[in-house]
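Paired with chain B in one complex and with chain C in the other, chain A is shared by the two complexes that follow.
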Partner chain A sequence: MRTNDALATSVPRAVDARLYHEPDVFAEEQRRIFRGPVWSYVALEAELEGPGAFKSTFVGDTPVVVTRDQEGALHAWVNRCAHKGALVCRAPRGRATDGSFVCVYHQWAYDAQGNLRGVPFRRGLKGVGGMAQDFDLAQHGLRKLRVANLCGMLFLSFDEKAPPLEQFLGEAMCYYIRRVFNRPIRVLGYARQNMRGNWKLYSENSRDGYHGGLLHLFYPTFGIYRPSQESAGEVDEVGFHSAFTVSKPSQTDGYENYQREANREMSGASAGAEMLRDPSVLTFRPEFDDNIALLIQSLFPSVVLQQIQNTLATRQIVTRGVAETELVWTYFGYADDDEAMTRHRIRNINLVGPAGYISMEDGEAVELCQQGTAGADGWSSFVEMGGTDVVPKVAPIGLDENAVRGFWTGYFALMKGAAEVLP
Partner chain B sequence: MSLPAAAMNVERQLLLSEIAEFNAAYAHCIDDDQLEQWPEFFAEDCEYQIIPRENVDLGLPAAIVFCDNRGMLIDRVVALRKANIYPAHYSRHVLGAPVLLDADGRGLHSQTSYVLMLTRMDGETRLFSAGKYVDVMVRENGVLRLKNRSVVFDTHRIDTLLVTPI
Partner chain C sequence: MLGIDEASLALLDNLQRRYIEALDRRDMEAWLDCFSQDADASYFCIAAENVERGLEIALMYDDCRARLTDRVTFISKVWTGTFQPYRMRHFVQRIGTPILDHGKLSVVSNFSIATTPEGGSSSLLAVGQYEDSVVLDRGELRFLRKRAVYDTTVLPRYIVYPF
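Let's look at the complex of A and B:
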């Protein structure tokens, strides 16, 4: 009942704080959203090289495994043995060279597609024990999931009703994904950040252009972003997904000017005394056919795809409980990067991630909101910057909460059962 | 002419105790919030990174902090003081005994385990990070400095954020 209360009293521009705190809301989200008619990002195809490759991860709080079979096709299943529910796959990643996945508990063996291939002592021994005569392996496979691959980004769905991935994402989102994944990529590493806050607080955060230059003071201080830079925010037709783009500075107002100005700001009273010692961390080497130096794309419900300068990363949102969210950063470059470019990306990564100059604060913001909304019975947020509705595009960003309202529009439609909202 | 075993052993013990003393001073510098002094533990031409063990084991290069000169270390401290927003906290490093791996023309190669506890202003102390330093130290004017310190952390799910150096 309380779930219904909190949902009923909420609208996209005013969200009841109980939605961040109540375990039954969280359980309902797992059913209606994460195991519902949407697509959740889980991996990059580049992480699954070769037959038998696998990665275990989560959709919401459900453990799942993505695999590549001996023929090269991708599959996914819930990581839960059909026998007793044990995790079948216990490693975060690897290669099952014989193509089989065996539960260690009673050695039920599955193939990469999730089909049950064998059960020890199925016929018993010398007429004793075993399964019934009509026991059918085909009826006891792993729970299979739909897999969709867009340019090497892999998404899963539990629900046949999820529209085709590209339709779910919409044209604008697909455009930016294709832009980033315009050629083969290479994974550079992982970072994991645990936030003691609800997953929706992070989802709002990544769609909130308003906070960019206000919370992340590195931006204005060191001059990566200023309100005068050309920028835009786009959402899909419902509002589920969001893409922010910020252009690089023009020739006449380049980063060098920004940084000189920033260096003066950094010095406070003793102007010029405290220069940014090594601005190379900010260096942007244009590598796309446009002027976009920053792209932050939030894809409902489980991932942010980013290009910030030359850092490329996915940030997968894993819900670990109503008040705990893990953000898994997967950094990548392009397969044709030379050593110098890779090193440049590694230097740029100082900007992002759990220790990133311009992203670390997001963890703190999520936790502050979680802590501040404790006990806030009957309190709702106020999300009316730049209006009360959702429009397809805003420019510039930083002065509105359009995409945050978009997120809630999609969220409420799914949670309140209006599945026809799907594109 | 090689040194007698006993002399080798004494020299080794002296080096180890010098490295342990260096590490203790380094840890106290951070824990006592003397971060402006922290870059001085490094040679001018140095490399410092904080990298998850997960990536090291996979042979992947991405670190969460990567500095390849002392200036970048200073920038980290300036940003911490003037730009970044984070929960106020105390750091407390507990270090293991250093292991001397090698001494060659590049310097002294050693590694040392650490445990880092953080205490936020609510008074609760939490284990923030366990891992090891993988170091190359050089001598400048008789004083040890870090040519290379890789902080390889086991605790790869970082609690909230990382801003203070390890």
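Let's look at the complex of A and C:
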């Protein structure tokens, strides 16, 4: 079988191109990864305010709903009526004020936990029709999913075998999540984009420190990041997840120096902030106890958590098909931000998103790799920058592909059935 | 508040035509020239999803003339060679009656943008509404504020050019 061929011939430092293209592989990933023993990010708790609040989204390509019940507890279920498989919840988000979710097709009614509460004409009418006497509502609920909440980031799992969330993420990843979600947040808005490429190309991209200063010309142009800057890349013990951190320059070595050293010659203009009429887009207002000005955290399999200067966002990866991936950006600030800080975050939005000054190009990279690997039977990538193995930490970033090899290490373990790899 | 005369309507439609011609040609200087010299001249490109929920996060948030100018710099200088330029055709249709109030014309138009990649077939990039505030600037009508509210829930690709 071709799927097995492509998997068998691949190793973390050399990946068979068919893994980006074959529908069999995609179907297998849905089973073994997205509906497998992992945790997939689906929402921020701040999106679910009040009893009856819900958000419908996806894990892989499966429609799911996260809810808050009347007592405030969080639940999740597959958005698929037990009767005919219709979507039960059609709105992307909202409040079911009476706490019930009713399928429009035949009015089967469920509660926030996913239990079936009522079926019209269950007893028939005047002795005609209806369900069998032994029809049991409890046997026809929605498919319930596990929910885990880490500081307001909500994750789902389909599989009882998934280890506890914090164990799955590992200590270092939990540390950076707690750092960002150190106090209540407020959602500021959304952006959604399609990429005509396989989801793994984006997963690699967000774990690829090598491309940062090369593809994203913003960094060398404005001196936000340079290879000699204090930075580090960490992965969990398997390699599933990755966190890149870049510190802001010290007092004596400000962004101005970086800009002067910018390694890019601009045609007809000098590089750096003087290119801009409004350099405030580059302004970083320190708001953490550390000096980290940039954090890109990729959590297997479905989210990137970012702090780029003062822009905070999750980027949820939704697999629409083998060659189509949707990226959902959820931007947030803190509930206690003052008006000036909120304004600053909203103005910094030009940096990130589907048209962001330092993120637009990732969509292009994903699409180019999808296009270039078409028909590449027998061709494998070459992922040996900085070695061939996976180490827990590299510093500085930009000179290796450690976290990309980490991603593939975790991916192959799940896809090849070695579930004992889970932490 | 006053309705406006035919001659002013013609000038207004002419501004909309200049705007979409500039973007269809990917001529960012001509795009910039459609905005007033006022330091507060602004352009916002925002998802209807956010507008409906009272959220301000935008795809592009250029709240002053300086940032309009910087967007031109990014597209034509910083990003050179990074993205593959994509062909666009804008279609714009004024709806409702423009309103004149204290020297500012408010006008709403529907827009749609078709795109055609190199070697590919055509498709819709985005549809939505322009909410414009227009003033007389250097003898011509120009935008003091332009807000493109796009309905397209999921954008089909990354975006370089304003809508």
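Here is the rule we go by: the second predicted complex is superposed on the first by the 404 of 423 C-alpha atoms of A that agree within 3 Å, B and C clash if a C-alpha of one lies under 4 Å from a C-alpha of the other, contacts with A are read in each partner's own complex, and residues count from 1 in each chain.
In this section, a residue touches a chain if its C-beta (ideal position, glycine included) is under 8 Å from a C-beta of that chain, and two chains touch if they have at least 3 such contacts.
These numbers were taken from a predicted model, which means no experiment stands behind them.
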item: Superposition on chain A - do chain B and chain C clash or fit; value: clash
item: Which superposed partner A:Met360 touches (first chain B, second chain C, both, neither); value: both
item: Touched partner set for A:Met341, first chain B, second chain C, both or neither; value: neither
item: Touching partner for A:Ala46 - first (chain B), second (chain C), both, neither; value: neither
item: Common ground on chain A, meaning residues reached by chain C in one complex and by chain B in the other; value: 187-196, 215, 217-218, 221, 266, 268, 276-278, 281, 326, 331, 346-347, 349-350, 353-355, 357, 360-361, 363-364, 367
item: Residues of chain B that touch chain A when the two form their complex; value: 50-52, 54-55, 58, 60-72, 74-75, 78-79, 82-87, 156-163
item: Partner chain B, residues of chain A touching it in the complex; value: 187-196, 215-218, 221-222, 266, 268, 274, 276-278, 281, 326, 331, 342, 346-347, 349-350, 353-357, 360-361, 363-364, 367
item: Chain C residues touching chain A - in the complex, by the definition given at the top; value: 45, 47, 49-50, 53, 55-67, 69-71, 73-74, 77-80, 82-84, 153-160
item: Contact set on chain A toward chain C in their complex; value: 187-196, 215, 217-218, 221, 266-269, 275-278, 281, 326, 331, 346-347, 349-350, 353-355, 357, 360-364, 367
